[in-house]
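The structures considered in this document are given below.
In the two complexes that follow, chain A is the common piece, with chain B as its partner first and chain C second.
And now, the complex of A and B:
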């Protein structure tokens, strides 16, 4: 049989962002991955930074001095916000992925209502909570550090 | 807003690729006169008739039943025959082959990896009473509630739209994907089936069931309302309870024998004779 070449058409990382109907859940999916990677990066940096203590008091203080720069303060807040999002969305995902928030199978009658619609209130509720916690955190974070 | 629609000219931006002559896909534009009621599939026919007879795509039923015409229309995976052009645009339309599958030619994507994964999850009834399966003496008992448990997932037409929209598929070739996983659940939850353990082995592979993290896209794009995301989460639930030993052992549905003392209604015709030789 004649075998013609096929052209690869995999979306790769771009596929996280492109080619969808852009449902609310897809944003959460992407943010969950990004915040997860962000927290992991922070964790590695954290080990690296705190390990500078073994190089003596001087190095430690120098490093701490750098970390008081506003950019790092902002970064720290970003880690906090990412953590809040990741934790709350994680709880939502656990509920969904163990089948507790997706409803029962139903006959598809047009216009279709899928499990995505069923779990949406949970998704919205959890994100409202995340925003509130992030704002409360912001107030405390910047007031304490600024004042 | 009025529902009145007028015919207009729509520019189709079509992603072309000919394996014999092209190194990589390119975009080509065609202007199509669109009448109200025309589907994207009709538009493609128009192009073939009036502009370029070499344009290739796959279709058969023209009514959202066969699952052949899945393609990427204005960025989302859907059926060309099920999409009214004027519903989505009266100016520009981009059409490309379904992503996450290799392109055979123009809008034809190679769905065979999906079919292979589908076969891998054992999408058929698994039971021990082989004799009964081959020469049935009656029907297996099933209540309307039992039927509802899996009915939704039987509407899958294997168009591949869910596989193209899934963000996990985009970075993980080996992921079984929404279509096969939903079908694995469809059979596992069927009360006539007794293959949960075997199917469990097939779906809990490294790139299997638990790689789904609910992007929800498969269910959003499914043209038949199959809701693969729900099937996948419900299957995880089933396996989770199974792992905790909280599920009762289910005995597969028994055979409902022919009722005794009842005459067969002579108006019901006998089945036609076999057309192939029986072993």
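And now, the complex of A and C:
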């Protein structure tokens, strides 16, 4: 069986963030990781919080009362915005993984258009949509007053 | 499981989550704008809304599927990030074993909560 050579990651986590002059998609990649880890952390805690409903109404309302604190509201909005970004960027990544929106393969004879430039409008469009949906969510979190 | 199969399942789980987490977000965070799936009105986390959703078998199944798919997607993603730190093969096996055990334990806890709450809500 073919064994791939293992190259040690000498830069560690710093290599993801600090090394090189990155293009637009690289920053989306970094943000995808950060939002993914943030959502996962929230989700693991969320399992414990929502499971408290089996303990009855009083326990549930006590837990939800704590979560109505402005700090938690801000945190919940951050998770909402992170989800919007992560989901839309994830769809973009899947499309690219399967060869959509990257253009047809061609001989790299100057002047040619690289697939990075072909796929860029998708990345920009995804971010515009993410900002619109994040603003709609902001209206719910910060402008509407729940009873 | 082959690595390519696990990776494709990770992407498929991500697509499923766009729908499942999208429904969850619409239900709980756009409640005051859309009001979907909140039979008592007002905020989604009001106890009457929680009971109203929890008593339906379809919502119980929704939560269990959501839980399993989200745990797989999230923990596989974490595993992929950790593996990029070029761990030794032994460390990779330990990380995989810990994440699988942790994921199964959380799935059992969350799924049990959904099942128990459905029976409680039906009796309320």
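The rule is short, and it goes like this: the second predicted complex is superposed on the first by the 120 of 147 C-alpha atoms of A that agree within 3 Å, B and C clash if a C-alpha of one lies under 4 Å from a C-alpha of the other, contacts with A are read in each partner's own complex, and residues count from 1 in each chain.
Keep this in mind: contacts are C-beta pairs under 8 Å (C-beta built on N, C-alpha and C of every residue); 3 or more make two chains touch, one makes a residue touch a chain.
Because the structure is predicted, anything quoted here is derived from the model rather than measured.
Peer 1: Tell me the contact category for A:112 with respect to chain B and chain C: first, second, both or neither.
Peer 2: first
Peer 1: Does the superposition put A:97 against chain B (first), chain C (second), both, or neither?
Peer 2: Both chain B and chain C are touched by A:97.
Peer 1: I'd like to know which partner A:29 touches here: chain B for first, chain C for second, both or neither.
Peer 2: Only chain B; A:29 stays clear of chain C.
Peer 1: Which partner chains sit in contact with A:121 here, chain B, chain C, both or neither? Use first/second/both/neither.
Peer 2: neither
Peer 1: Using the superposition on chain A described above, determine whether A:5 touches chain B (first), chain C (second), both, or neither.
Peer 2: It touches chain B, and chain C stays clear.
Peer 1: Using the touch definition from the top, say if A:14 reaches chain B (first), chain C (second), both or neither.
Peer 2: It touches chain B, and chain C stays clear.
Peer 1: So in the superposed three-chain picture, is A:137 touching just chain B, just chain C, both, or none of them (first/second/both/neither)?
Peer 2: Second partner only.
Peer 1: Where on chain A do the contacts from chain B and from chain C line up?
Peer 2: Residues common to the chain A contacts of chain C and of chain B are 6-9, 12-13, 97, listed in rising order.
Peer 1: Which stretch or stretches of chain B touch chain A in the complex?
Peer 2: Touching chain A from chain B are residues 17, 19-20, 24-25, 72, 75-77, 97-105, 109-110, 148-153, 155, 164-165, 167, 169-171, 173, 189, 212-217, 219-222, 224-227, 229-231, 233-238, 240.
Peer 1: Considering the complex alone, what residue numbers of chain A touch chain B?
Peer 2: Going by the criterion above, the answer is residues 4-16, 18-21, 23-26, 29-30, 32, 93, 96-100, 102-110, 112, 114-116, 118.
Peer 1: Show which residues of chain C lie in contact with chain A when the two form their complex.
Peer 2: 11, 14-15, 17-18, 21-22, 25, 29-33, 42-43, 45, 47, 50, 54, 67, 70, 74-75, 77-78, 81, 84-86, 106, 109-110, 113, 116-117, 120
Peer 1: Report the residues of chain A in contact with chain C in the complex, numbered from low to high.
Peer 2: 6-9, 12-13, 33, 36-37, 39-40, 43-44, 47, 50-51, 53-54, 57, 60-61, 64, 67, 76, 80, 83, 87, 90-91, 94, 97, 136-137, 139-141, 144, 146-147
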